[in-house]
Structure formats: structure tokens, C-alpha cells
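In this document, chain identifiers A, B and C correspond to the written order of the chains, with residue numbering beginning at 1 in each.
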Amino acid sequence: MHASVRSAVSVNITPPVTVPSSREPQAPLVMRMTIGKVNFFYGTKQVLFDVNLNIASNKVTSLIGPSGCGKSTLLRTLNRMHETVRSSRLEGEILIDNENILSQDVTALRRRVGMVFQRPNPFPKSIFENVAYGLRINGTKGSIADAVEKSLRHSALWDEVKDQLHKSAYELSGGQQQRLCIARALAVEPEVLLLDEPCSALDPISTAKIEELLVSLKDLCTIAIVTHNMQQAARVSDFTAFLLTGQLIEFSPTPQLFTTPSDARTEAYITGRFG
Amino acid sequence: MSNRLRWRKFVSHFMLTMTGLCAFVAVAVLFFILGYLVYHGGTSVNWNFFTKLPAPVGEVGGGMANAIVGSAKLLLLACLLGVPIGFIGAIYLAEFSGGTVAFVVRYAADLLNGVPSIVIGIFAYSLVVLPFKHFSTLAGGFALGLMMIPITLRSTEEFLRAVPRALREGAMALGASKWKTISSVVVPAAYRGILTAVLLSFARVAGETAPLLFTAFGNRFWSPGWEQPIASLPVMIFTYAIAPYDDWHRQAWAAGLVLLGLILVINIIARVILSRGVAVPRT
Amino acid sequence: MATSTTTVPSAGPVSASRSFVSRLRDGDEIARLITFLFAGSVVLITLLLVYELWQGSYLPRHKFGFAFFVTSVWDPIFDHFGALPFIYGTLVTSIVSLLIAVPLGIGAAIFLAELAPARVSDTLQFFIDLLAAVPSVIYGLLGVFIVIPLMREYIQPALKNTLGFLPFFQGPAYGVGFLTAGIVLAIMVIPYIISVSREVLLSVPRDQREAALALGSTRWESTWKVVLPFARTGIMGSIFLALARALGETMAVTMVIGNTPTISASLFSPGYSIAAVIANEFTEATGDLYLQSLIELGLVLFILTFLLNGLARLLIVVTSQRGSGMGQA
């Protein structure tokens, strides 16, 4: 019974990321961000318990887990977005390139750590102005138009919108709007890009386009993605962290987590026994 | 931190402080108004003010007893006109009507609500003063009542609509007719909101001056019955404030204090009633 | 087996299948009729109002036609009536009031919607609602005894000394005038701008603000460059609403404007507004043409406020729909 479930697992969720063979030399992993002993509270209610996690440079790390497990909360601490909620309190250490994010200026931090949200949220401006927003407030040297084009190319949207840059962003489809939001975030050249269930409001075709995109963006920046879709995590990410009721249960390279999870709870989740 | 970032953060703090200042100024005005009224009029709000008639022009002393009673009579008439039409009309809108009729009625009510009060005065003049050939309490009450209608109508409708379907269906399932359901279940459930609506519209017209200028007009004595011109607090304040007599100015402040005090108290009571929640049966 | 000739009522929903007779018996039909009559009376009253204004201004409409709106003569003795000074006064005082009230009001609304914690915001809004309930004549009272002396002694001279080269700030400082009326009006309409703008700002979806912050905006930048533009239609609506209120304001204006039908570039000049002239001269109007000219002014005021209110409502509705229609996949 147990064996058949296991084989069902390996049939259903075979990640395309190949397990590195021992013959190929591995590039040493640099940790772009480090999360150390993080406890998080909304008022008196604790939602994250002693989380320790590393986000590797130029890799995709995904956070999975059932609803309410704290994965989005954890993601939002990485660019201090939790501070928009008055009652939130963070304890512990979060480092980017070994500097504590809490001791930096938050505005400067958010330029280095960008975010794409669950529902596409373009500004009520033209496509061009949406992407240019970050560039304008930060004051870039060089041509804004070039930077906008570069971002739109990186997010695989350029060909679709190059002739209508001055149209309202709201005229785009949902999938296009989300890619626009990705372009907008990329325009300020962040070191880390956080994505909070970016495809949950989109159709399968748009989802597939964005997943392709994420894999190609690894070269540009470090990516952390929250997803409730396990297959998506298996498809796009190099490392996966499984959270349950605010605790980090398991954190391993993706193929390993999905084929040979070391914790029974992880296995229960990925085989669909709950979640 | 780069200079540009430093500048941006400075601008942010500065502008946000400015907005706080704006909010502070806006709220401070209220306290200024109250403060000045108390300061200038507090000592004049005395027994004489409430019980004496205005003294002959130029003489010191006297009070505003007739204006107080006058305002009361006018407001009574206003309620008799405004509340039933607003309340019962709202029942139609919330319980009986279809889309088009409801739209037209609401549109008319909103239109009426937006009419400047002086124009309401013109209307009341044409309709009541001209046929009777003189100013009267009736005309003034009519004008004020017109102004009460839209507020009462729209608010009552909202509160009736807010009563949950489950309540209505419960009554009807027991065999109650539509009217019985409305009168015994829906209206009692919405009574807090309706009361608030009536109180707020009452407070609004209690302070109105313009529509009374050529309907109720004014009176330096008592006004018996309903067909004579009649004094009212707001009009007295106006008349006294622009007159050249210091004693009248003093009395205008007192009247202002009494009028504003009454209006604010009613407003506060109405909002407190509302914040206690619309009555919903405990499950 | 006996065949029954009576029909059995169907078992459908209570209200739909009950026969007319049974509804009549229970009083539902009567209730519907009576409540309909009351609701209908509102429509009737409104129609009657428009009719009375129209009919009541028959004489000047036929005698002066459109010239009424561009003539600046107001001469009861020779029966020449022109509305221009009053239209001018109404517009000038309203514009001055908006110039003061809009920045202050939107600033306060930003504070209440974006910065203040919910409880503080609600408490302050409560006070602002009370401010909106203060009657016009009380503002007039303060206008006469506080604002006019202040203008005469301090503000008008100060403006003359600093900006006196502009035509707006020339002429003797009487204390009354367009500027004074504009200032008093500004205080009266600020609560409306604040209340509506605050609501509109609060309804801007959270993730707009968050997106701006996540791109490294300062709080002011996210408010000014993202939230406010998102809410701009609704805020325009609040301004139109305030304008409509300012146009129709009678008592406070008539107590501080000076009540002289003058057209002057100087804001220190005494003037007159449509509502003020109606308030002051209606009971003294001798002759039908005089009275009806005042009624025609009332008709003008009615039309202006009607259009503005309609536009305002439209704009506010458009914003709230936009907010909910956001981000559709």
C-alpha cells in the first residue's frame, strides 16, 4: 500500500529539473538571503515559529504548504511589507548579503527586493508609465525608454505591447497584466524577486507562460515564490521549503523533497492527504 | 543613503506632516466655533433669554421666548409633513416597488435634496404664501418639511433594505401578509436606523434660515395659531447679528449657542443610537 | 368519488400565487397603493417645484431673454434687471472657497485615510461630520464678528502690502467682500470634501499602495503618485459636491459679502451672490417683474446645482465601480 502510494507520487510529480549527477561539478551555492530564527506575531497571535531558511543566489526557491501555514507571511517579511500592518511584530534576523534588513532603510531595501502580488495590480497609468514608475522615482541615469523596453523583453511582454505602450494597463488581459507587474518590478533591477502566488488568479496558458519566464529570470536575480500548486513548485524551483502551521518542516532541493521527503508530514501533504 | 533618497524621505515626512496639520485645522475649527459661542454667548443664556419677548427696538434686554416657541412650532409642522412622506414612501421603495418607479422616486428625492434652501423658500412662497396672501407658520413649516423629505426617505429606505431577508421570510412562512410582515417585523428591526434618519434630518432643518425668510418671515411677538408670521431662532440670529445694536449682538451669540448646542446634541445622540447597531434578533 | 369544482391554490411562493382578492383582504394591495401614493408625491413635489420656478419667472424670461444673463444692471426703479453681478459674485466666491478648501480638504483626507490609525481616523471623522451639521447662520455669525474684523485689521492689509500689485488685492479694505465670503465658504465646504475624499481613498485597493511601496516608494510617493491618481475621479466628485453646496449657500454669504451688485477684479470689493440677493430683496420686491426676476435667479441657481450634483454623483459612482473591477484576470 505504502509502496504503491510512493510510486504514484513519482509518476505524478516528476520534476523536469534533473538531479545533478555526481560527475558534473557543482557551482558553489551563495546564499543571497538568510532567515534566522524568525518568529512572527500579529498582535498576540504567533504565526511563524523559529523559521530558519536560506535563499540561494540565482536560484528559484519555492515555499509550499496548506492555506494559513504562514508562507505568504514569511515571504512578505523579506521586503518588510509586513510593516504595513500595524500589529505585526518580527523577531529574529533576516539578512541580505549578510546585512540585516531591519537595520537598513526600508525604501532602499525594497528597491533591492522586489515583489509581485497575487492579483495583478497595475497602476492606473499607461503600460509604459507602469514600468517606468520605479525608474522615475529612483531617478535613473540613462534612457527610461530603453530601460522600459529591456524590462518588457525580460518579462516576455515586449512583442505583445510594443506598439501600444501608451495604452492603459487595464486594457491588457490578466496574464499580460501580471507579466507587466513582473516587468515593473524588474525595471529597478532588484537582486531578489519575491512572487506571492503569482498565477493563482490566471488561466493555465498564462500560468505556463509565467512559469517559463521564471526559469529564465534566474540569471537576472534570485527568486522566491510562494505557491499552493505543488506541481508548479516541482516544475520551476530548485529548492523547496514546506511549511505547516507556521513551522518550517522541510527544506531541500526540489527533486529530493518531492521524491524522497524526509518528514512524514511533507509526504502527507505532497500526496494530497491534506492541504 | 544617497542624497536623492534622503531628499525623498524628507519630502515624504514633510508632506505627511502637512496633511496632519490640515486635519488638525479642520477639526480645530469645530472647537473654535463652540469656543467662541460659549465665550460670547454663554453669559447671555439666562432665564430672560428663554422667557422674555424681544424688547422694543433699541432697548436693552428682552429675550427670545417667541423665537424658541416659533422654531418648535415650525419644526413640528415640518415633521408632520416630512416624516410620513419620507417614511411611508421609503416603505414603498424598499418593499413594494419595481426598478423604474424606484429609480424615478430616488432621483426626484436626490434632486430635491440638492436644491438650495433659498429656492425651497421660493417654492413654498409660491405655493403657500401667495394663495393666503400673507406669511405664515404653515408656509415656513411646509418649506422645512420639504427639506426633511429626501433625507428621511433615502435613509429609511437604506435601513429597511438592510433588514435581512431571513426575517421577512420567517414571518411570511408563518402566513403573515406582506403588510403585516412589514409593520410587525421589518420596521421594528430597522427602527434604530429610521430614528437616526429622522433625528438627523430634524437637526438639519432646525438650523435652516433661508427658507424661512419669506415664508415664516418673523415676528416680534407671539404668533397665535398657524397662519401668522412667526419668529424662529435662526432668523432672529440673522436679524440681530446684522443690526447695529450691541445688545442684539449679545443675544445673537446666545441664540447661536442654544441653536448649535441643540443641533450638536441631536447629532451626537443620533450617531450614538446608530453605532449601537441596527436591531437584529439574537440567535 | 365526488369531483370538486373548487380550484386548489397552487403551492408556489406566498406572494406570487395569492389571488388578488386575498391580497386585497389582507390589506397588501391597499398598503401598496398608499405607500405608492406617498412615494409618488415626492416626484410630484419635485415636478411642481420646477414648474413653479419656470412659471414664476415668466415675465423676465420673456422680457429679457438671454440678455438677463449678461446684463450687469440691477435697477428696480427703472425695471432693468440683469443677473451678471450675481452670477459673477457666486462664481468668484465659490472659486475662492475651492482654492482654499480643496488643498486643505484633500490633505486632511489623505491624513485620515492613509496615516491615521483606524480609531483616530474615525474619531476625527466624527468631529468633521459634526462640523458639516453646523448651520449656515452660525457661520455667518462668526463671519460677522470674527472674520470681518480679522480681514479688515490684519489679513487684507497684509495682502495689500505683499501682493498688492495684483489686481485681486487692491482697493480699500472694508473687511467684507468676495475674499471674506470665499474664506467663510471654504470653512463650510471643507467637511464635504474631507468626508467624500476619505471614503474614496479608503476604497482604493490595498495592493495598489503595496505595489508602490514594494517598488521602493516613500509613503508620500505611494500616496501622491498612485493612490490619489487612482481615486481622482471620486475626488473630483467631492469637489463638485462642495461646489454645489457653495453655490447655494445663502446666509453666511449674505452676512459677509457686502451686498452690493458689483463686478470687480479685486477680491476686497463688496459684491453680491445669487442666493444673497434673493434673501435680501425678495420681501422688498415691488412689482411683479422685480419679484419674478428674483425667481428667475432662483431658477438659475437650481439648474446650476442640479447639473453639478448630477455630475458629482456620476463621478463618485464611477470610482467605486473602478475599485471593485480591478485586476480581473
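One rule holds for everything that comes next: contacts are C-beta pairs under 8 Å (C-beta built on N, C-alpha and C of every residue); 3 or more make two chains touch, one makes a residue touch a chain.
Quantities reported herein were computed from a predicted structural model and do not represent experimental measurements.
Colleague: Most central chain by CA mean?
Modeller: Taking the mean of C-alpha atoms per chain, the most central one is C.
Colleague: Looking at every pair of chains, which two share the most C-beta contact pairs?
Modeller: B-C
Colleague: Please tell me the distance, in whole Å, between the geometric centres of chain A and chain B computed from their C-alpha atoms.
Modeller: 56
Colleague: When the centre of a chain is set as the mean of its C-alpha atoms, what distance in Å lies between chain B and chain C?
Modeller: Spacing between the chain centres: roughly 16 Å.
Colleague: Compute the distance, rounded to whole Å, between the mean C-alpha positions of chain A and chain C.
Modeller: Each chain's C-alpha centroid was found; their separation is 49 Å.
Colleague: What positions in chain C touch 2 or more of the other chains?
Modeller: If we look for residues of chain C contacting two or more partner chains, we find 218, 221.
Colleague: Two-or-more-chain contact residues of chain B, please, as numbers and ranges.
Modeller: Residues 8-9.
Colleague: Please output the residue numbers of chain A that touch at least 2 other chains, ranges allowed.
Modeller: Touching at least two other chains: 107-108, 137-138.
Colleague: Under the definition above, what is the set of chain A residues touching chain B in their complex?
Modeller: 105, 107-108, 137-139
Colleague: Quick one: which bits of chain C touch chain A in the complex? Just the residue numbers, please.
Modeller: Spelled out, the residues of chain C in touch with chain A are 117, 205, 207-218, 221, 225-226, 229-230, 326-329.
Colleague: Which stretch or stretches of chain C touch chain B in the complex?
Modeller: 14-15, 23, 26-28, 30-32, 34-36, 38-43, 45-49, 52-53, 56, 103-105, 107-108, 110-112, 114-116, 124, 126-131, 133-142, 144-146, 187, 190-191, 194, 218-221, 223-224, 244, 247-251, 255, 275, 278-279, 282-283, 294-295, 298, 301-302, 305-306, 309, 313
Colleague: Write out the stretch or stretches of chain A touching chain C in their complex.
Modeller: Counting only chain A, the residues touching chain C are 79, 81, 84, 86, 107-111, 114-115, 117, 119-121, 123-125, 133-134, 137-138, 173-175, 177, 181, 184-185, 188, 201-203, 206.
Colleague: Quick check on the complex: what are the chain B residues that touch chain C?
Modeller: Listed in rising order, the residues of chain B that touch chain C are 8-9, 11-13, 15-16, 18-23, 25-27, 29-30, 33, 36-37, 40, 84-85, 88-93, 95-97, 101, 104-105, 108-112, 114-123, 125-127, 146, 149-150, 153, 172-173, 177-180, 182, 203-204, 206-210, 213-214, 217, 234, 237-238, 241-242, 249, 252-253, 256, 259-260, 263-264, 267-268, 271.
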